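Okay, got some structures for you below.
Paired with chain B in one complex and with chain C in the other, chain A is shared by the two complexes that follow.
== the complex of A and B ==
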């Protein structure tokens, strides 16, 4: 009985220190062990976001792929229509599994804005 | 031509935004109805042609009337079970696993009594 009590006392480990112990033993996952108990902890890096957004824009049939840069404006530089703008934003939504509200989606006019929006969105996948 | 061009352009910009939002909703609805991609592409290009046919109308009242007609048609054709991204309101994962409040500890004492 006393042995059992001793053993159980050893097992009383609060979750916080367990998480930190896990951190120290795995140095390569230092960015992911800060928030361990939530389902919202997956963030993309800026280069990934830029690469994927540019891929989406380049694969649009009305766009010339060689003119696409990270700060290109859809209507001024690429000569697209406002409806093409809507289509590009829908393609970006499908790529990153986002749900952009209508009012904000209309305001996204250039690659810059799109990249910033996706990068700052907490649920971008 | 209306009296002040600033008001004219303001109204045109507001109409442009309404058209964009209508096109966005109609496109998403098309994707809801036509789940298979090849059907969706066909329907999307038909929708785009319908929008493009009225591209060159300049009269403000005619544009307003057409936008109202378009919105009525969209309301008639809305999908009863649209696909919503899981974490968004209305989706399947919405408020499924909210982040636990900070500072909570789990005490693994396995039902141990306090006077053991």
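== the complex of A and C ==
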């Protein structure tokens, strides 16, 4: 299933990059190492992720906030276009201090997929 | 389940969206004021072209992609603060009717 594939790939990518980068030069790898050592408790709860993703989408100028639910599709339900989709994903990146690679970003076209992506991302903050 | 069922994007559309993403990323590295200005210019430019350019005019879209990539490279240089110098020459040739 597409969702499953997205999630599986996502779960794998950070591990690979961490293994490659280790705790060496890259400025971001230091904070990722701290992440790894931190207890699991401070990982975002699903409710937190849902609330913050929905807030980002609701605050998008072209979106009618009353129509935003976890199940909405950005383009089909909210009348956004593909450029808006890019902007929303970028806003979600900033909200959770993530960098979502192009390959993943193009697949995220609904609140649900965004929530799943962020929730399963080990570095979401 | 609501998995990705949006419109399939062509390779060229993906390139355009990727370029757009690149501009927005580059804008983040500038001062808040420059960033706002860059974002509004870039967004307006992409939207204008998405309305005006015939989606089958591949040659022209390829030209726009190449030009955009060059402008993005310039914007990424730390010496470039805003888009004003980059985009001054952009708004002159409005005779590009599809």
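Operating definition for what follows: the second predicted complex is superposed on the first by the 83 of 125 C-alpha atoms of A that agree within 3 Å, B and C clash if a C-alpha of one lies under 4 Å from a C-alpha of the other, contacts with A are read in each partner's own complex, and residues count from 1 in each chain.
Here is the rule we go by: a residue touches a chain if its C-beta (ideal position, glycine included) is under 8 Å from a C-beta of that chain, and two chains touch if they have at least 3 such contacts.
Keep in mind that what you see is a predicted model, and the values were worked out from it rather than measured.
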First (chain B), second (chain C), both or neither touched by A:98: first
Partner chain in contact with A:44 - chain B first, chain C second, else both or neither: neither
Partner chain in contact with A:110 - chain B first, chain C second, else both or neither: second
Which superposed partner A:73 touches (first chain B, second chain C, both, neither): second
Intersection of the chain A residues that touch chain B with those that touch chain C: 1, 82-83, 85-87, 90, 102, 105-106
Contacting residues of chain A [partner chain B, same complex]: 1, 4-5, 8, 11-16, 37-40, 82-83, 85-87, 89-90, 97-99, 102-103, 105-106, 123
Chain A partner contacts - residues on chain C that touch it in the complex: 1-7, 9, 13-14, 17-18, 20-21, 24-25, 28, 43, 46-47, 50
Chain A-touching residues of chain B, taken from the complex the two chains share: 16-17, 19-21, 23-25, 27-28, 48, 51-52, 84-85, 87-88, 91, 96-97, 99-100, 104-110, 112, 116
Of chain A, residues touching chain C in the complex: 1-3, 6, 71, 73-76, 81-83, 85-87, 90, 94, 102, 105-110, 112-113
